[in-house]
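Should a chain be cited, it is by its letter among A, B, C and D, assigned in written order, with residues numbered from 1 in that chain.
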Amino acid sequence: MCFLKWGGCHNGALPMIDKSFASAEAALADIPDGATIMIGGFGNAGMPAALIDALIAQGARSLTIVNNNAGNGDTGLAALIAAKRVRKIFCSFPRQADSWHFDRAYRAGEIELELVPQGTLAERIRAAGAGIGAFYTPTAYGTLLAEGKETRRIGERDYVLEYPIHADYALIKADRADRWGNLAYRKTARNFAPIMASAARCTVVQVREIAQLGALDPETIVTPGIFVKRVVRIGSSLRKAA
Amino acid sequence: MCFLKWGGCHNGALPMIDKSFASAEAALADIPDGATIMIGGFGNAGMPAALIDALIAQGARSLTIVNNNAGNGDTGLAALIAAKRVRKIFCSFPRQADSWHFDRAYRAGEIELELVPQGTLAERIRAAGAGIGAFYTPTAYGTLLAEGKETRRIGERDYVLEYPIHADYALIKADRADRWGNLAYRKTARNFAPIMASAARCTVVQVREIAQLGALDPETIVTPGIFVKRVVRIGSSLRKAA
Amino acid sequence: MKKLDRNQMAARVARDIPEGSYVNLGIGLPTLVADHLPKGREIILHSENGVLGVGPKPAAGEEDEDLINAGKEPVTLLAGGAYFHHADSFAMIRGRHLDFAVLGAFQVSVAGDLANWHTGGADAIPAVGGAMDLAMGAKKVLVMMEHLTKKGESKIVERCSYPLTGARCVNRIYTDLAIIDVKPDGLHVVEVVEGLSFEELQRLTGVPLKRLLTAA
Amino acid sequence: MKKLDRNQMAARVARDIPEGSYVNLGIGLPTLVADHLPKGREIILHSENGVLGVGPKPAAGEEDEDLINAGKEPVTLLAGGAYFHHADSFAMIRGRHLDFAVLGAFQVSVAGDLANWHTGGADAIPAVGGAMDLAMGAKKVLVMMEHLTKKGESKIVERCSYPLTGARCVNRIYTDLAIIDVKPDGLHVVEVVEGLSFEELQRLTGVPLKRLLTAA
């Protein structure tokens, strides 16, 4: 009997939970065309650069991406867009000084944009992880971004109805993990990672260090391993390049 | 110009934020009759015993209480109920072997009960703190506890519409605080405290220790001071008695 | 026939929980399952008051009032355990992250409806706790209960007479007489205790049962 | 008249923020306010990427790529600062826990409608970030902007011609010419720069202004 799905499954024979993978390539090997993928990070803080590079190398196409931005410069998410792998993107702030790959693709009609206020983006991701079917938020009421959406007056305020955003995969970065997939973050690199981890069926984490089980202080574990399927240690040289 | 309300206000003259209060009595002095009060804790873990004692001594009546249970034995919340101060209670699990004061008051029709599934109770409190107007949850669909409530099918599942629970005061317990009101908890004593702190206009915290500003590791601060108005240090002898 | 006692039932449930599962054990009978998980098999227990990685009872004198489970009993934390607040804990449940919830029951219907929180008595004070969240939230809901009431009536019923905890949520029932899967086409008997025939189980249960090839 | 420069505007806003306030400073002009907060007055700055207690820019070479503000600039953390994730950060905003948000603007209407995210141009790629959350969530929304466009048109208007960020959300407007409160009965002038008469301000602004006793 095995009710479990989406497991690490690379070491099923060993009588021990071990979510670590040998490489970013191995951890992303099964991503199919058409997948919805959340990518953590806000600016460089928390951006899983090595996983994005591996996703580009892996080759999956027609992806739906969820990220706060739409890529910067010529690397990372911008390179994924430049390689025409992205069919649709959910984000709050696509236009930036150096978002030229997105800008071109958007103007050419190659990429669909769902623009979501940043707090609504975060809450929709959190709702997916928390099993909430929909929620009413005051944000964007009376604006272009609420056009066509259901609204409701509750008490003295007007609200917009918003639905969860679920994903097949989340690619995030943390500072330290253990073999159960527990995660501790560093400073503002935490940003979207904990909620994205909860909203995806298969969460893959790039970390600086995989510590012994029990080495992470339970009071500093922000993402318990229940939300994590795969962990890859990426050397600090790569981290610096991110 | 002063836009601020509900501040500590006991030391307005000093050019420094200091949310500490000298005693539980002082911290609860302004609670009026008819207030809605959230009380943290699950069992003895996280129960703000000294604050509850002070609330009983303070004398406010006709209170609405939000707590997971409805009191145990003859102390704490049970004593508040025995003193006939509670008009209504929101909780998930009122009936226990030693909930005799609640049982009597309920059977006598002296106290109104709003029974809420535990996760819905937590999410309604969280929604109040997060400015969510209402949310759809699958919990309790098709049961007595959803009778008369609005429902909706979203995708493949049925949901019940639930509204936030706001409070005037939250009385909670934490392990350590600083003068800005940042809080760190200990083990499962965390339970309802962080969400209750966010859902009340005036959150009062009982702590074991008030540390120097900066002494709490920012990665272990679970409740930032923005959610906290008043902090009272309660000696460890009282803590043991809790 | 050899009815299973409470510990044998718990051991039978424990055998079915695979390595790496995240599991919530309800208060009462299901809590016993923890004592029967095979040594060396890593299973991560969740308690809804805000902890993953619940370990065994502490030694006498080692109790910590800040570390308890949902039954308000003192517990310990395994290496690799973590704490979180109530909204996060129930987000974990409602968001379908738990592999299994093991729950007690008054009744289970042929459709998988669960009744385990309220007798419906006029004088009864209702109390639900996390039961409705677990029933609707866990990926698989396993029920543990005696097969028959003290009066000898089947607790597996056509329709629950007690108020529901959740509709169509039970996946498998473990009783002192049998293991039964709840499927869209009805109840499938997976195992029967030694000395009990399928026909006798059928007679005791009342509602139609299907015989699996593996059934005794 | 003596128009205020950007730093003078920032200093004027800073003067009005009381001890103990929790404040979010929008990207651009509002960020300057941080440099003008009076020394020794404790004000706690929020940045929506997940930090309270934002401190000054780090010294050159001391930047940490994991510690940035919402403008993606390196910052430091004050003693007493804390980190949290994005959903918690916006819960803080939406749940009305911030005392002030200071935001830039293209236009503000007499009703307090704010337009600051989108020019509405056909070729413009829209980007909103946290502006709509801050506009609807902070207890008080303070707008900082030049009073007139480069073409000399008033940015305080009867109705916004640009797409709205939020309706009826602005409480006070700080410009290079005046400070104006948005109230249910209209716009009240609180202060005017030296050398500018109320009548001249009224002429430049276009929409009706009310004169406070304290106005020059």
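Everything that follows uses one rule, which is that contacts are C-beta pairs under 8 Å (C-beta built on N, C-alpha and C of every residue); 3 or more make two chains touch, one makes a residue touch a chain.
The model shown is predicted, which means the values in this text are computed figures rather than measured ones.
> Over the chains that touch one another, what is the least number of steps taking chain B to chain D?
Minimum step count, chain B to chain D: 1.
> If we look at chain A and chain D, which chains touch each of them?
Chains in contact with chain A as well as chain D: B.
> When A-C is set beside B-C, which has more C-beta pairs in contact?
B-C
> Suppose chain centres are the mean of their C-alpha atoms. Which chain sits farthest from chain C?
Between chain C and the rest, the longest centre separation is with D.
> Report the inter-centroid distance (CA atoms only) between chain B and chain C in whole Å.
Taking the mean C-alpha position of each chain, the two centres sit 31 Å apart.
> Calculate how many whole Å lie between the centre of chain C and the centre of chain D, each centre taken as the average of the chain's C-alpha atoms.
Averaging C-alpha atoms per chain gives centres 55 Å apart.
> When you check chain A against every other chain, which residues touch at least two of them?
123, 126, 130-132, 137-138, 185-187, 218-219 - these are the residues of chain A that touch more than one other chain.
> Can you pull out the residues of chain C that are in contact with at least two other chains?
In chain C, residues 77, 83-84, 90-91, 93-94, 137 touch at least two other chains, as defined above.
> Between which chains does touch occur?
Result of the pairwise touch check is A-B, A-C, A-D, B-C, B-D.
> Hey, which residues of chain A end up touching chain D in the complex?
For chain A paired with chain D, touching residues are 42-46, 92-96, 99, 102-103, 106-107, 113, 115-120, 122-123, 125-126, 137-145, 185-195, 222, 242.
> Please name which positions on chain C make contact with chain A in the complex.
Touch list, chain C to chain A: 16, 18-22, 40-42, 44, 46, 52-53, 77, 79-84, 90-100, 137, 139-140.
> Mind listing the chain B positions that touch chain A in their complex?
By the definition above, chain B touches chain A via 123, 127, 130-138, 152, 154-155, 157, 159, 163, 184-187, 217-220.
> Per the contact definition, I'd like the list of chain C residues that touch chain B in the complex.
Residue list for chain C touching chain B: 47-51, 64-68, 72, 77, 83-87, 89-91, 93-94, 118, 123-133, 136-137, 163-167.
> Quick check: in the complex, which residue numbers of chain A touch chain C?
For chain A paired with chain C, touching residues are 1-4, 7, 15-17, 126, 128-132, 178-180, 182, 198, 213-214, 218-219, 221, 224-227.
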